[in-house]
């Protein structure tokens, strides 16, 4: 099987590096183009990037020459880890030019014809791409976003509970510093300290969660009719966003039923067979002091959401904690899995993975 | 003015050390007896205690010989920083023997005739001591508790809002490690990590807050009729508990009114004149990313509660963050201020501070 | 191939857990017995151990019943993660009873007939076991130790330089908290702080490094004739000991020659083929700010020592930094690799791995 | 007494803020001008500065309008917390224009006619200003530097040992993040991690320490003839640089004599009477695990250097650890004390503090 060429926008940043790390050895995709700032363009990737993940960049990428942001790209598939401003027009331009653009940037997430895709939660939203192509006159191109990294553990944990009717949601996050990129949060703010505020994230949690859990009516996404109140805080943790969730359900299931729902939960085919899909999208931890960021974020290669502490909430009925790896499940890993779903569903022109089973 | 002799129970522990530090140079009290475990008894305090606060123990205390827990004590006033089990009977025994016991231990907090005193919030609960003495047949002795350290910022922030009618309260704390004593929380749990659970604290937040904000009806405390849902988490911070608070009020004051209520708020006399009272019990911080534990915990010598981020909560109406220094305002400092209030109100036999003004 | 049964002493502690984690899926060994304190004995391992590593204990071990420290053991091979006092007599008793005991405890390390084994550095010291067996009248049993975790990066880095004549060694370590076990170092000592002292380690660095780099003369180990000055400090890092090393060599090789020595270095057969041997025991990092604990400790699965910052020292001639994962290479991983070497060399009665190549 | 007007260059940065904090309530000086970048110029200080120290900026400064870097200044005394590039020409220009410039920047430290002043160590170097004025034709202006923050604890600790003849010095530092300013070091580098390299500091430790301990021969500073080898590392600590020091002395004093030298040591008049001088410039801590950054940096209001762990070094003879608060003693506090010395010695035209005693 011929692997599909991939370009990474914002390749030298924190999320860009995570894309490169996760794509190393990917069965379907291979990184062939890396795109960076003016300062980086023209340099070898290993020289341009201050690698902040473990070890060193993969050799195959280290030698690539960084391209400028406005350079024409050859790769059919593009992952974007651009900052918001840079992403705004560039992502649409590339999609218009025929590329499949899977973006982690927030710039275009809330456009009515851009799906906010998380395969285990709303694979059916992929059909919004047909609306997108029709409306914009695109044939091979498309723009698909993944959500804010703090929304992920919330919608993952709620998905199996939608059948009970989710009415109101109260969220208080404790977020890792990698969510702010590199250099991101100053060490002077994160030693013996927490920050009670994360710029921009509270609004995203309230809007993106409703869109992700919404209904595709053939024309657009009808957001889920629930009320969300979010508080976002920053804590001295490298990776792994923990969210303290209180939820009101229309029905009143017993606590053990909910735990069973989470444990048994699996997405419909073909999602569980995608290369980046974890064996279990959700796990419930019985220990009273879990999930914890450092100890649970790597579950399922960083793609499994860990839940714990389910108990009654005197106000909303139920409360629990949920944790996801914010730069794997919450960013690059989700984008890659979105692209895998597009590939399997035939949205990437000329690239077929009918042979899925063996490929995995 | 002759200073009053004071004994510290649990003097070698984290809170015991904070008592000693805060009482150094106190205008009314002086530490004359230090009480520790069997292992410490008979040693000089400086040798028995592994001093974990800044610098070294005050010289006046360093030379005292540690007494055993069951030793008879001479000091009229006793501060207890004992662990729960050790506190249970010993505190009552000492009160029965005629001592004024101001305790930070949780053991006896919820006894019906023990006031859970925080001078700025419920100074009038001190009258419960008359019930206590009458019921138990004590004349000079008394047992007064202060609340759990995480409850403090909550009840301090709510006090000026009681007039609006507090109905429901949703709390998510991010607590410092000093709340667990020394050695307390392992460093292996607090590097690149948070703990989503603090043993015992959620229940205390729900019960103690209602007692503290309750009404003394001449016979006992009628807890405030509000519904509380608490989640307690531990973060890598030395001192300073931050609580993310959502609250439902019967009336619907405008946000600026609430900020004014906080800024203008002051306790009734004689509380503001007590030696340990800060100039402002509450301060509202305008910066969007405050309060922060390291930067705001020392406000008012650790006795001022800092509030920030007041905004609308789509579920309960209002939300904000509040922060107190957990071992000063939330433990030793509060106990000392409680004793000051007792002194001023004439509850400490033979000790008069009518000359309050000059003393301060 | 039938796997060899293995027992873990001190199985519920931090190093014991690391043994269990590293032995999961081991090609030659499988954990069949776990030994703990009186408090743990009789319980299922999953209930007795407060698992502090990522995820949960492997299922195969979770179900084992913890045995008491004085229980008779069936496993031919025993790994000891006991505290010093507990290890002292018990390890010798078990070796006398015919078990192969590979210990991480410091208790018996400096016994004249106990090899302090690190396969890449001194595989030939294994011959000391013949002296041990002859002297003590043991036939199948043996006691083999690995060194203190902070000594590892030092002797690993020095091994390729021995040919230049190592005269004097000045060491300042910055050690991770996992070296002190769990709960080990209090979080109150490790937030916004470092400790300039690690009990016991400085002496070990000075004696154990000389023994490890020493010469086996057929009768015992003649320590290397070098002068060592060690300072050990503790820093807020989970895993990974970094040592700042200044060294005086008899010869004066150029800096690039030393870097070449490190890069090219490989142990003699059969060490590189042992299952736990990394592809490269040493790596030299060119980036000026490496090695770093979090980013480099996992190199080679935690078994590769990373070196960086080689430059001239105006006093001793050369200086550089070296880093090893202290609970993998510096503890459990080294003990396991020692056992692998014993197996290959025929020291484990009845267990043959002539089929080494395939097994790996 | 009329206070002297003071300007702060680089007033919005981390060291600039420390200047403002330490000058609040200063008996001789008051901040009247604050100078910042183009971005800040024209704004009120409270709006321009992202205050990173505790609490908020003093009200008297909060209201000042930030001036641009090239604005003419009225204050006779100027403290510079400029970045190196910005400092280079501007500091000399201001001194030429008649201002007394006390700088914390490294740009001009090693100029032959600029004293590197630390009052307790080399007050006599102030006479170099006469050379400076003569050579440059300045009358009222002068440029005085303080050293790199990591050099401070070293030269402070060595000063009383100079009588024994200091030959060789081996230094390994563990430095706080505030030394890099704000935002400075990324939190992604300082959670579960240390950095084995601090750009530029090793060279400064080797050259600046020799200049500071050097001899003023009437014409210039003859650096101390000692060999220095420095390694600088960064650790997750907010304030307080700890240096692990090994030293070779010509004479061989007993360890207790050295401790006595440190304990008894005091600078000659008028240094101990300067407003910012601590009661004890040095303190030796007997506890085996001290000094520690968080617990000892505030000694003497951040101006006392703490020393501990004196013991024999098998290579150089003696070793110990020394700690200073890097932004107080090691930066702003030292600059202020330098200015105080200049004032007392009559170097500030028209400003007399003959009344020193009362002023303090």
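Here are some notes:
Labels for the chains are A, B, C and D, by order of writing; each one numbers its residues from 1.
One rule holds for everything that comes next: contacts are C-beta pairs under 8 Å (C-beta built on N, C-alpha and C of every residue); 3 or more make two chains touch, one makes a residue touch a chain.
Not measured: the values here are computed from a predicted model.
In terms of C-beta pairs in contact, the better-connected of the chain pairs C-D and B-C is C-D. Centroid distances built from C-alpha atoms place D farthest away from chain A. Distance from the chain C centre to the chain D centre is 43 Å, each centre being the mean of its Cα atoms.
Our note on geometry: chain A versus chain C, Cα centroid distance of 40 Å, whole angstroms. Here the spacing of chain B and chain C, counted between their Cα centres, is 48 Å. Of all residues in chain A, those that touch two or more other chains are 52, 189, 191-192, 236-238, 294-295. On chain C, the positions that touch chain B within their shared complex are 14, 52, 177-178, 182-192, 236-238, 294. Within the complex formed with chain A, the chain C residues making contact are 52-55, 191-192, 238, 294-296, 298-299. Of all residues in chain A, those touching chain B in their complex are 168, 170, 172, 174, 189, 191-197, 206, 227-229, 231, 233, 235-238, 242, 244, 246, 288-295, 308-309, 313-316, 319, 321.
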